[in-house]
Every structure is written in C-alpha cells, then in structure tokens.
Amino acid sequence: MSAPTPKPTSPLGEMTGPGRFSLVGHALPWLVIAAFYFLVDDYLGLGTQVMIWVLFALSLDLALGYAGIVTLGHAAFYGLGAYAAGIFSIHVSQDPILGHFFAIGVTALFGLLSGALILHTTGVTFLMLTLVIVSIMFEIGNQARGLTGGDDGLQGIRLDPIFGVFDFDLWGHTAYIYTAVVLFIWFVIAWRLVHSPFGRSLDGIRQNARRMRAIGTPVWWRLLAIYTISAAMAGSAGALSAHATKFVGLSVLSLLTSGVVTVMLILGGTRRLYGAFIGAAIYYIVQEWTAQISPYFWEFVVGIMLIATVLFLDGGLMELGDRGARLLGGRRRAGGGE
Amino acid sequence: MKRFIRAAGVVAALALPMASASADVVKVGLLADFTGAFAVWGSQFQQAIKAYQEVHGTKIKGPDGKENEIQFVYRDLTSAGPEKAKQLAEELVLREKVKFLAGFDLSPQAMSVADIATQAKIPTIIMNAATASITRGSPYFVRVSMTIPQHGAAAGRWAAKNGVKTAYTIVSDYAPGYDAENFFTKEFEKGGGKVIGSERSPQQETNYAAYMEKVLRAKPDALFMFQPAGSPSLAFVKAYIERGLKAAGIKLIGTGEMQQIFLPQFNDDAIGVVTSFHYTETNKNPENIALRAQLKKMFGQDADADIASVAAWDGTDLIYQAVAALGPSADGLKYVDFFKGKKLNSPRGPIMIDPDERDVIQNIYIRQVEKRDGKLVNIDIGQEDMVKDPWKLENPAKK
Amino acid sequence: MSAPMALSVRGLSKNFGAISVAKSIDVDLEAGARVGLIGPNGAGKTTFVNLLTGFIRPDAGEISLGGERIEGLKAEERVRRGLARTHQINTLLTEENARDNVAIAIAEREKFAWRMMRCKPQWRQCLEEAQARLEAIGAGAIGDRRVSLLPYGQQRLLEIAIGLALKPRVLLLDEPAAGIPSSETHLIHEALDRLPADIAILIIEHDMDVIFRFAKEIIVLFQGAVLMRGAPADIAADPQVRAVYLGRTVV
Amino acid sequence: MFSFALTILLDGLSYGMVLFLISVGLTITMGLMRVVNLAHGSFAMIGGYVAGYLTQHGMNFFLAVGAAVIVSGLLGAVVETTVYRPLYRKGELAQVLLTIGLVFVATAGVTEVFGAFPYNVKMPEYLTQPVDIGFRTYPAYRLFLIAVGAVVAAVLWYVIDGSILGARLRAAVDNARMARAVGMNVNVLFTGTFVVGCGLAGLGGAIGAGVMAMEPSYALKYLRLFLIVVIVGGEGSFKGSLVAALALGVIDTLGKYFFSQAASYLLYAAVFALLLWRPQGLLPAKSAA
C-alpha cells in the first residue's frame, strides 16, 4: 500500500451522524420554553398543547425518522395513553405521577404486542395494518361507553396536586411546567438513544435492513424495541394531554390525530429531534394565524405547506437552518472531496 | 377566494372599532367548527350572529345609560378534539378577557370547557351541543338549543297516539343516538306501541341497504331514525325510498333529518316523512321572518336559517339583554341568574330557560314534509307545548 | 481426531416449484481455505450463498459451522456465529461515512448495539478499530467520506472491510470484483492478498483472473449441483468444465 | 331464503362496484408507479361535485357524468405531470405526505366553491325508485351501479389481459426499469394510466354519490376503504382489486345484517387477519416476492 493516510477530519471520539448541535442550539428551545412561561402568561394553555404535540412528534421521530417505520397509527398509542391516564385517575388513584406511569406502562405493553404482530410486514401493508389498528381502537373507544364515555368523551378526571404540592390550576401554570419537565426528560432519553450504538443500528436498518441482517443485527427485535419505546413516549404525551385538559375526547384515537402529528414532524424535519419542536410550534402558530384570516384558509395552507416541504425541502424546516448555516460557514457535514 | 377576502375584511372591520373603543367593549368568545367535517355549524352560527348585530346594532345601553359594544371573537375548533376547545376557551378567557363564551356544535366540546367556565365564572351559552346532561357540567352553562330526548320522547308519544302499533328504530352509533332511541322507545311503549327491532349504524354511514332490508322484512308500522344531519341523514332517507319501504307503507319518523336546508336535496318521495323538532322553518313568527330575511339580505339567496342560526340568534339576544340589564361587568353568576327563567320570543316560537337546570324549555313541533308552491316544506301537524328535557326529569339533580 | 471443518455442507437442496436450484450440494472448507466457486450464469451460485447465509431456507441438507449445526438459524444468528458475507450488489449504508459503516458492524459483533444510552468509550473503541481495519485493506483514506460519494471500487473494499470486521470464521465473497473498472481491480487484488490466513474464504467470481490468482481450490457449480472440485490448473484443463462454459450440456 | 341471499348479494355487489370503480385506478397507479397516492379519493370527489353541479343546473345525468369523467381525468393529467413526477423517486413517506397535502387542498377548494354542506348529485327519477325484478322490488339505482361496474370491469379485463397496451402495462408493473430499457415510453404510459385511473375515479364518485355521499371530507373519509381494496387485492392487481372490492361490499353488507353491533370491527378485523396471513394481498400482481 502506498497512499499515505490522511488525518481524519473529525475527531474519532465524537459521535458523528445526525444532529450534531452546538451548545447554543441545544439551549435555545429550552430557553424559549422557559421564556414563554414568564413572558406570555396568557397563552400557557397553548404552550402546554404545543409541548404535548412536540413530545408526540418526538415519539414518532424515533419510530419513523430514525428506524424508518412508516406508520399512520401512532394515534393509537397517544389515545390509549390519554384514556389510560384518565381512567386511572377516575377509578384508581388521582395521583398524576402514578397515573402517568400507568399510562406509559399500558402503551408500552400495547406497542410491544401490536408491534410483535405487525413488524414483520413492510411498506404499504404495514401502513395499512397500523391504520386498521387505530380504526379498531377508535371503534372500541366509541362503543365501550361505560369506560371511555364514548362520543361524549371521558369526563370527571380529578387530580391531586403533584407531589401533594402543585395543584393543576385553571391558568395552567402547573400543567405547563409539568409538561415541560416531562418533555425534557423524554428529550434527554431520546437524544441519548439516537446517539447510542442502538440508535446507530436503527439508522442502519432504515437505510438498508438487509445489510444489517448481514452483519448480524436482529432487525425485528431492534424494531420491536424502538416501536415499544416510541409507543411509551406517545402514551406519555397522551397522558399529559388527559391531565392537562382533564378530559379525553374520542378524537385522540382518530386517524386525523395520526395525520397531524406526522405533518408536524415532517414540517419540522425528521431525524433531528428538534424538528419536532419546530414543526409542532410552526403548525400551531400558522394554524392560529390563518384560521383568524379565514377558517377555510387553514386546510388550504396546510396542504400547500406539505406539498412544498416534500417537493422543495426534504429535511423540513430544520433543513432551512442547515442550508443557512452552510451558506455562512461553508460545507460542514459532507466529507471533504478528493 | 372571494370569501377569504370578505373574511379578511371582517377581521379588519372588527379590528377598527377596537382601536377607537371609547365605549366599554363586551367580548363574547364564540367557539365552533369552521373547518373539517362539522364546518357548516360555524358558518351558520356566524351568519346569524352577524344578522342579529346588523339588526340590533353592535352597541347596547347598559343600566347606567352608557353604551357598551358587543364584540364577538370567533375561534375555529377545526373539527378537532375537545382539547382544542379547552385550549381556545382558556385563551379567550385569559387573553381576550371575554365575558361570555358561546357556540359549541358538538357535545364533547362543551363538556371540555366546563371547568374553565366554572373556575373563571364565565357564563357559557351552548348553541347546539345536545347531550342532555351537559348543563349539569357547570353552573355557568346555559343552553338555548335543544336536548335529544326532547325530540325522541315527543316523537314516541306522537307515534303511539297516531295509529302506529309497531316500530323499528335505527339510530347512529353514538351517545345522542342512544338517547334518541332510549326516549323514543320509552314513550312509544308507554303509549301502547311496541318496538320490534333496533339497530345502531356507524356514525358516518351513508350505505344503509342492509339496515333497510332488515326493516323491510320486519314489516313495522313505522321506522324511527336518528341520524346526524348531513350526508348520513340524506342517504338514510334516500335508501328508505329506494328500497321500497315507503311503498310498503312503513312510516318514517325522525327528528332533525328533514330540516329545510336539506329538503332541496330530496325529490317528491320525501313527502310524508314526519319529524319531531323544535324549529319549523316556515313558521310565521315575526322573529322568524325577520331573521330569514336578514340572512338572505346579507349573505345571498342561498343563505338559510336552521337550528344553528336560531340558537345563535337567541343566544346573542340573551347576551344583549343581560348586558342591557346588568351592564358590562357584572359577576358571572349574576348573568346566569338573569338568564334563569328568562322567556324569549325566539324565531322558533316561545322558549324559556329552565330556572333550575338552565336548559331550554320549548315547544316541540310535529311536522310532515309536504309540497307547497312546487317546493318541499315542513308543515306542522302537531305540537307539544313547553317540553322540559325528559332526561332531567328522569335523572333529578342530586342536591 | 481432527478439528471440525470451518464450514461443512451436506446434501443441501432447494427447489423453487418444479425448478431445482440446489441439488444435494456437499462442500467442505477447512480453516484458512481459499476456495473459488464458479459456474455459468444461472448455475445457482448466488442461491447457494443465500442458502448458506440463511436468506433462503433449504428444503433439505445440513450446514455446520465449526462443528455446530446452523441450518435452522436465522441469517443474523449465523453471522453472530462466524459466517459473514459480502454482497454482490452494494448494500452499504449510503448516508453514513465509511468508518461508521465498519464501526456499526463492530458494535454489532461486540454486542454493544443493544446499548441504548450513549457510551462514548465503547463507540470510540469501535471507531478506532474501524479505522484500523480500513487501513489494513488499504482504504484508510476513505474513513471520513460519505459512502454515496465513494467510487465503486472503494465501496467494494469497504464491503470486504465490513465482512472482516465481523471476525468471521468463514467469509463468503460474492463477486467482489464485479463491476469494477479495470483501473481499480488492483485494489481488490491487493485486498484479497491481505486477507487473514486463518479465515476460510469462499469466493464467487466471474472474473477468472481473480479466481485463478486467489483460489487454491475451485468448485464448479452447474445446474444447481457440484460438477467438479479440484486445483485451479486441473479445472482449467478439464474438458467438461470447458463445455459447460461454452454452453453445451454435458451428460 | 334464496331471494334473501340474492338481495344481500346484490346489495353487497352494488356497493362493491362503486368501491371498485374508484379504487381500480389507485391500484394500477400504485402498482405501476409505486406511488402511495392517498389523494386518489379527491379525484372521485371532484367528479362527484362536477356531476352534482351540472345536474343541479339542469344537465342530463349521463352527460354530467361524462363531463365529470373528463374533468377528473384532465385534472389527473395536470397533477401527474406537475406534482407526481418528482415524487416517483422519493420514498414512501414523502409520497404519503404530499398526497395528503393534495387532499387538504382539494378539501379546502371544494368547501370554498361548493360550501360545507353535503352535495347532491341529482339522479334521473327512474333511478331513485324501486323496480320489480321478479322475486321482489329492488332499487333501480343499485342495479344501475352493478351494470356500470360490470361493463367497466369487462372492458378493463379485455384491455389489460388481451391487448398489447395491457401487455405493456403488465410488463411495466412487473419491472418499470426493464420496460424503460426496452424502449417503452414509460412517461406517457404513466400519464395515460394516471388519467384513466382518475377518470374512473371521477365516474365512481359521480354515479356512486348515492352510496358514498359527496361532502368536502369525502376524500379523507373514504380513504381507508380505497386503501383496503388496493392492499387487500394486492397492489397493481386489477383482478385483485375487483375481488377485494366486491368481497368488501358483501362482507360489509353481511356484517351489518347479521352483526350490526360489531359491524365496524368486523371489517377491520378481517382486513387485519388477512394482511397478517397474506401481506402481499389476495392476488399480488408481481410474480415473485
């Protein structure tokens, strides 16, 4: 061999791969969340809702973005989490933390079982199976009126103060902070997860499942693991929603819910984790804004945004930031040419 | 696009007086679906409210003689979940500082804001959501629309009294459907009739062939339906005719399915369908004539009043009267007390707010579809005066 | 008592409907073997590899790896027991750089890949080994480059590096030189020369230069069955083999 | 008993035929272009609205249906050449999203132009009546649906199985790259197929409005059904979609008749079980896995 070995251009110890971020980049969303609390007091309900959607979109990013599981059934987990938390508070205990863990457990179990049944299929067949699952869940929710309240929704959720101290107030202070904390915990978990060897193997599976089998990866088990984790996370988002609104409507299980969360994620950008933040926030802001101009206008704008994102902005809105950074700082991510 | 522009104009028009507000502004937050599957409700509410404000002006003198401006703030629930209703209600209360909430086409939406209404002491006028128990959700809830049992029970009593011996029921598979089935059956059987079969069809159903076939085979005297107004109800009536149930002499009895707005979609086969309802569009009340004329004047010949318009009209009327009597900044409970026992001359006829339950007490009209001047119309063939919600009579409030 | 064969295949058969694509194939590879597998198009070479590696289930037959029966195992389980392969068509992770491609395989081998929390030291270890392995086959320079941007020859080298990174007992090279411009074939030749001596290697190749240069023994596959096995010189001289390659059927 | 069974069969078939008419274009485009086209229902919806508008303004029903087919087809041509082309190279996810975006735009557009109310396609008087078919009276409309569906199915069968065009189509479904390599103008084939598929959807939407009513949410509301037909039948398989659509119609009718409480689950459960059993659908178009 004659070619001299050039020095690697990135330090070996660094985790390379998707979503390297500067400290400023990391701090920004959390500073915004904190600032929002102090500055825009009147919109805390909106802020809480957005954060719940962020968490939901984050859960989808793990399954869809990283592992490439194209699903339209994530509302099944979100809805199940919401109902589990709500029903737990009515029939078992009003402790919100306990109820939250119960909901996470239930959805994780459901994710495990349903994933075990369907994860051997791929493509449109898998898509269809997830769609069917969420449809069946919706019907159960509608008909099991004694448990879920059916079409009237689940009412009568009462919660004790968190740790016996922080009461869920009308102004939504507690709900906001509680949601922010839960989101932060999940975010840290997700961040570590996607940058772990496990996360890298998922990335590999998304790119080429056959290759991963050829290097000895138990593909089905890996997918099942991330599907279960993602389900638990979506269930956690559902539980937050039930606790923050003290109400669960049947629509949490609707196909539209699955659709909306997917739109948010794609809009923000998949496989970036922070894409979920941007996507959910932008979706909400644009919705509020356009709906005030003319309610019909909203659907139109969402449609156009989706089409434009797919055609011109593969990486979602986060891609815009990347492109800007590249313009400013030259090529950063691609390896040096020859 | 025209409508977008017009809507933008309205926003601008609403924004202008805000800038020059010298009069006290009383904001009313109106929550309804303007997009999605239930979009029609929002636009009907909105048109009626605008019509009312056009007729009565946006300013109303309070008891102190000062002018108050009534301003509606519209928010779209996008046919999404009730959590959206809750979030928007919070915003309206906290940010827009609305004095009243109003609207709510679907029951879950209304129920999800019960806590907010109670905690923030905001009188909340429910303009459609018809699940009977709603008004028990908050002492600040006042309903001007209807309850499902009012219709179902009256239909059952009418059928029993008018020669129907056996009936079959097909209701939509959701809470209001169960209520309708339950109260129709109860009253019908109390009057000596017998329900010989009952079905529940999926909420969004538009293919009723199998259900109609079952009814045809059971040969009842009448078929009682409860279907969401819109594509399911249209498809239901069409299937009834197509399948020959009408030819077989099975009478069709319903509630809201044959409202005037839907009649142009039927042909003469719909003649003879009987419905039990709280608003007959052709009634000659001066309020009704005024409302309908105003809508056509403002929104074109296609604009038509329905129960949403009537309820929105009455709800707005209540708010105007309350502000006139109590001023712009009375305590929430004071307003509610003002509403209790209030009688209104509604376009639908006389109504009263139940002093105990804050729910609407109203006449229920039994109408039949007939042809007049080449057009299908509902003609009253019977009437029950001032019907209280039967569900509440059956389930008295716990003290 | 001799040591078990690195790979031993007995009576491996597979039918697709009426077509028999593998007819009772017997093959043995001892440790360190360098065996070439040749045969005309449609002889069943790729099917054989897929049967060995578990991407296709055999109808009958036994496969043993170091004395352990593996025919009932899934593809990935066979890999973990030491049977690795490279692919004819590139199946690399095109969005990653070359080093990560290797490192992901190493993490899998070292069973780090179930670790769900960040574990810098282990991953660093994987990356270091990956870089070393790339250098070992003369591809140290491509570590940082995104796979989709690599020239084809380098991608094939990377395939081999990944195969080796799995520390296999047996490595199946499925047409490692296919589709490479002649200016780059020396890269593959050099890489093959440097393969560790203790690994048994079965190489499938159309390019006879590569086979005759590399293999110490050659198996000829024809119509799903082993036609002949012998030293390269004998194979080259055999009239039957010549006939097969000229397209005439041999009785 | 016989007449009863026949009635259920007719009810099921007539419903299934509407599903077939609308879905057949989807199955061929999904098989041919490998695009997950969730917007397909929008073309049926536009066909329905066009027919509705024209019949309400006095046009003859059949002329109006013809116009609906043409408008849907033309719209299909426009959308295929502008929006779908770049999509063929993108992944499933991108396709799902873009086509959902189209659904939103179509829904908003229809609401804007025609309003939020359900929209009526006025049928000729004789189609709204029951007719005597020997053993009973039966809705003329449903017989009409069956007849149209059968004719379209027969024509398609002939074209796909018996003509050179069909052979090309099948070849392209099997292997688009190969078809391109042997000099087929795949772009024209794609556009042509797409246009025909959209036209058929328009036909199904227009004449099927009595079973699947026109409203702005139409495209989304029935999406599940169309997808079920396509995927259960096997992507790209014309016969599969015919079988699946008719089976779905009959199962749905039977379910409502005998287990009306569980009817909504029954269909989904059947689809779920079937897809676990045969992930490629009933009659997959591609020969090998």
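The first chain written gets the first letter, and so on, giving A, B, C and D; residue counts start at 1 in each chain.
Methods note: a residue touches a chain if its C-beta (ideal position, glycine included) is under 8 Å from a C-beta of that chain, and two chains touch if they have at least 3 such contacts.
Note that this is a predicted model, so its numbers are computed, not measured.
Peer 1: Using mean Cα positions as chain centres, tell me which chain lies farthest from subunit B.
Peer 2: Between subunit B and every other chain, the largest centroid distance is to C.
Peer 1: Roughly how far is subunit A from subunit C, going centre to centre by Cα mean, in whole Å?
Peer 2: 41
Peer 1: What whole-Å value do you get for the distance between subunit A and subunit D if each is reduced to the mean of its CA atoms?
Peer 2: 33
Peer 1: Centroid from C-alpha atoms only, then distance subunit B to subunit D, rounded to Å. What do you get?
Peer 2: It comes to 36 Å between the two C-alpha centres.
Peer 1: At what distance in angstrom does the C-alpha mean of subunit D lie from that of subunit C?
Peer 2: Roughly 48 Å, centre to centre.
Peer 1: Residues of subunit D that touch two or more other chains: which are they?
Peer 2: Those would be 108, 111-112, 261, 264.
Peer 1: Taking each residue of subunit A in turn, which ones touch at least two of the other chains?
Peer 2: Only 143, 256, 296-299 qualify.
Peer 1: Mind giving me all the chain pairs that touch?
Peer 2: After working through each pair, the chains in contact turn out to be A-B, A-C, A-D, B-D.
Peer 1: Give the list of subunit A residues in touch with subunit C in this complex.
Peer 2: So the residues of subunit A in touch with subunit C come to 1, 3, 5-6, 8-10, 12-13, 15-17, 192-193, 195-201, 203-204, 207-208, 210-219, 222, 225, 334-337.
Peer 1: Which bits of subunit A are touching subunit B when the two form their complex?
Peer 2: Residues in contact with subunit B: 41-46, 48-49, 142-143, 145, 150-153, 155, 170-172, 241, 244-247, 249-252, 254, 256-257, 260, 287, 291-299.
Peer 1: Quick check on the complex: what are the subunit D residues that touch subunit A?
Peer 2: 30, 36, 83, 86-87, 90, 92-94, 96-98, 100-109, 111-112, 220, 224, 227-228, 230-231, 235, 261, 264-265, 268-269, 271-272, 275-276, 279-281
Peer 1: Which residues, counting only subunit C, touch subunit A once they are in their complex?
Peer 2: Of all residues in subunit C, those touching subunit A are 53, 55, 74-77, 79-80, 84-85, 87, 91-97, 99-100, 103-105, 107-109, 112-120, 122-124, 126-128, 131, 135, 138, 140-141, 143-146, 149, 162, 166, 190.
Peer 1: Within their complex, state which residues of subunit A touch subunit D.
Peer 2: Touch list, subunit A to subunit D: 64, 70, 72, 117-118, 120-125, 127-129, 131-133, 135-136, 139-140, 143, 255-256, 259, 262-263, 266, 270, 296-300, 302-307, 309-311, 314.
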